[in-house]
């Protein structure tokens, strides 16, 4: 049997030379304040064993990893009806591109690019009273941590400077693919992205994805088996911006990354794993995080392929 | 010598079968309220003679024709510096496309597409206290009519439903090609577009473009000769959305059209001419208006070519 | 343990209502001659057990499934150096699009679109004397069938009418991403595509992909474990044209499809599976074939996710 | 009255500092052999007076200026039917782009980009026995010079290395917008482009465009008045690649440029004018040639605007 703790420590050791590579996201001023060279990694297996290395108790902005949790909620709420308004294909373009939206009449390519997540947020707003709080509560429940919270300064920073997301929400609205006012959808979306968590909490919150939809701590499944497999498929084909092919090639795990430097990945049937290091590669994924996951799957010979 | 009055009447007669073709713009609800089959045409020559036919005293929403007047003001204010922020090339795409902006880093292709006019409006806002009123006063002075005014219901209608323009302004801002807040620029822009004028007033207001920059009624030139020629050149290559080639081929005059159904054209050295009919062809130019100008230049054998 | 034979028969039964949906590829005249409503499916597990249903002994044009075998050969020949000339990302556009090539300076997005396979063929031409025969021999060896052959009438039909592929090869050459003359590369490529095989032979030929690179009948591995995983990853993210996301979502297996109506898929560690039915969906994948694989993974609850 | 000779000499003097700017076209190896810093300019007015400066008797490769003569022939042969297969709009993209063709189903934007000229050549091939010789004879007749000829080494150089044009012809054929085999159309096209002429001959050959279609030396008009105006309109909106807007803005004359460094322009009713200097700006137009025409229209205050 694999000694995960030992392997994580090997990875943490071998990753050190890479911690200075890449650049911290700066398009939101608040995100640039993070200490750049930190590293953390957590693995939780389906039996509940957990393994950690580095700054695994330090919270960071989960950013686009929140798209995984909002998508899960939208699937719970309206299941396959979601696909009337969003595609399931890799974007082939940057995560914040408006080109694809224009060519495809306001249907975002997938739920993991910004445009898709805005539509997902709009769906939640239509179904629940409070899209802010309900998403936060869902994540708190999954992670079993009541003090997980929004980082209001990050949310505010993005609301004031995220003109491209404002453009996107208005563009979606012009195609009638938002039911609510763009500013209301954006406000909820920016709050979701601002949620601060550490790798331990994220690995735990994502465990149901590796466990056929069942979160061990919860009385009822989060999703059914089929829904769970399908979200894993979407993570693999759409979860890491426009480098999904390279990520699948090198790492071979379904994953969702965020510009805060976090990546949450799963090996269905085995474990969920979360890595964090803030410097990003040119595609917007954590530089050291991607490398660490590649080292991990190489060492363990574990992947979905 | 040509008998312009007689020719205008011939055109008005021959255009009748075409008045039912095309569709009135409906993306702004208020614009759809217009009587669809009307027709008007006015010609004013550089000696001050004027000729009219049809509903030439009936005002309509000038919409994008306002871009001609705001461009003129921006040239007066900062002249060639304008081209640091806007291109001079035909767009090759729809007037409200965001694709070109994304590929070209937020530099609109020309000042006559929406994105370009938003930047022009931003320039005016930076130079003058009140971009609303100053543009209105400029047009009143050119047309020598004090009761020309905004149509506030049109401006409001567009502010509430013009999500694509909201998207565009935010997109420009994300590329740092707006100095002011998107909503402020949009507010001014929507008011400019809402100005209501008739063909007589528009032909008069545009006379300086046919007269080397000199408006006969004004003590000083509006623009110098070179600036005037250059605006005419821009009208020819960029003034009629993505059908500039066909328009130059059929009509052969510099022109600026609007989705209200108006087209203002010039023959440098000779006259300015304005036509109005609300139904649009698939490119967004007045169907009967384009046809009427083609008939006019065919009958008179006058064009710039 | 799963009774694969029984499940294949269930699938074959349930698929019948779908056999009339979709359209046979007709862009190559010769391909249109196939009987449209046939169906076949073969599964071979890593222990050598094989299961079949339908017309599994009837050969068809493998078309783009050949890209899987030429890629394997190119990896054998130059391994990772291949990626200097080809990307690893899903195309996001049609398999025969030239747009992406123009925007990305002649680097095909991945080895499974036509442009990528032309570069792969060029690599083989540079390394081996005879790209025609060597590829055919490789496939014969994998399938252990000496009478597998080109369909020369299909190859000739495509050479005479495949102007888009001629355009693509010349375009690649203009970017200096072909070493050989376009016509020579095309000639080899068209022959590879024309190879005729049945589902039994294809499932057998692809078994090494499910078996860590080891083809049980051969004395040495076809690829090493890592290379094999990576080809599976590429199949998942790039193997089914611009519907990879939907295919992963519904089927959940690495796969490569061809316009002849075949799809070869793998479940790493378990089996390879091949399905054939000539009518295609609008993305160019076998309509009934995709549906059959979806039924199969639903019934068996087997997928990589 | 303007002293054209004196003005041409002023222009030739003032242009000297610019003769080292820009780069000679090198994509066809043979074109790179030209002496880079030469300059010539010829003007012929509608009364037959001619004025020259610089190396006006030195021949150069007319390249895309040939598109003006092949278009004229196609208009003579099938007139407006040409527009069933070619558009009349500025391309908005590079002269050799395949993107626009893909998005617009094989209809070239206009007859002055390469794709459009290939269709024009195909039209001539369908109407006349010998597209090579008939085009050459047409040009010889217009210029009244029997020794104008192809430069066979340039034509051969382009046939061997012009892979992008080969791609384009095959792409057009794939959309069924060529009647003849791509290689045959290309062969004729490359010969047209290779024709060598000097500025004196080109200005003379283009005089009919400034003279309502009448070439003074010929017994019958080349085109009728309307056709002539329309070709001038096309030159203005499409004649100088993707800088038509800037060219109209600065120069204000209908023009057609070639990568050999020549530009042929007209002032309808007045004169034709040809300039040559081989170094090109980044848009593919002669650097000094564009500047010289701008100086000329500034000094003379003559333009169509």
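A few comments on the model shown:
Think of it as A, B, C and D in the order they're written, each chain with its own count starting at 1.
As a working rule, a residue touches a chain if its C-beta (ideal position, glycine included) is under 8 Å from a C-beta of that chain, and two chains touch if they have at least 3 such contacts.
Computed from a predicted model, the values in this text were never measured in an experiment.
The interface with the greater number of C-beta contacts, when A-C is set against A-B, is A-C. Chain B maps onto chain C through a rotation of 180°, based on Cα atoms and reported in steps of 5. Chain B and chain C have Cα centroids lying 55 Å from one another. Centroids built from CA atoms put chain C at 32 Å from chain A.
In terms of their C-alpha centroids, the spacing between chain A and chain B amounts to 47 Å. Shown for chain A are the residues that touch two or more other chains, of which there are none. If you draw each protein chain as a dot and join the dots that touch, you get one closed loop, with every dot joined to exactly two others. Contacting chain pairs in the structure are A-B, A-C, B-D, C-D. Residues of chain A that touch chain B in their complex: 97-99, 102-103, 163-164, 166-171, 173-174, 182.
On the side of chain A, the complex with chain C involves touching residues 87-93, 100, 109-110, 225-226, 228-230, 232-234, 236-238, 242-246, 248-249, 252, 254, 268, 298, 301, 303-305.
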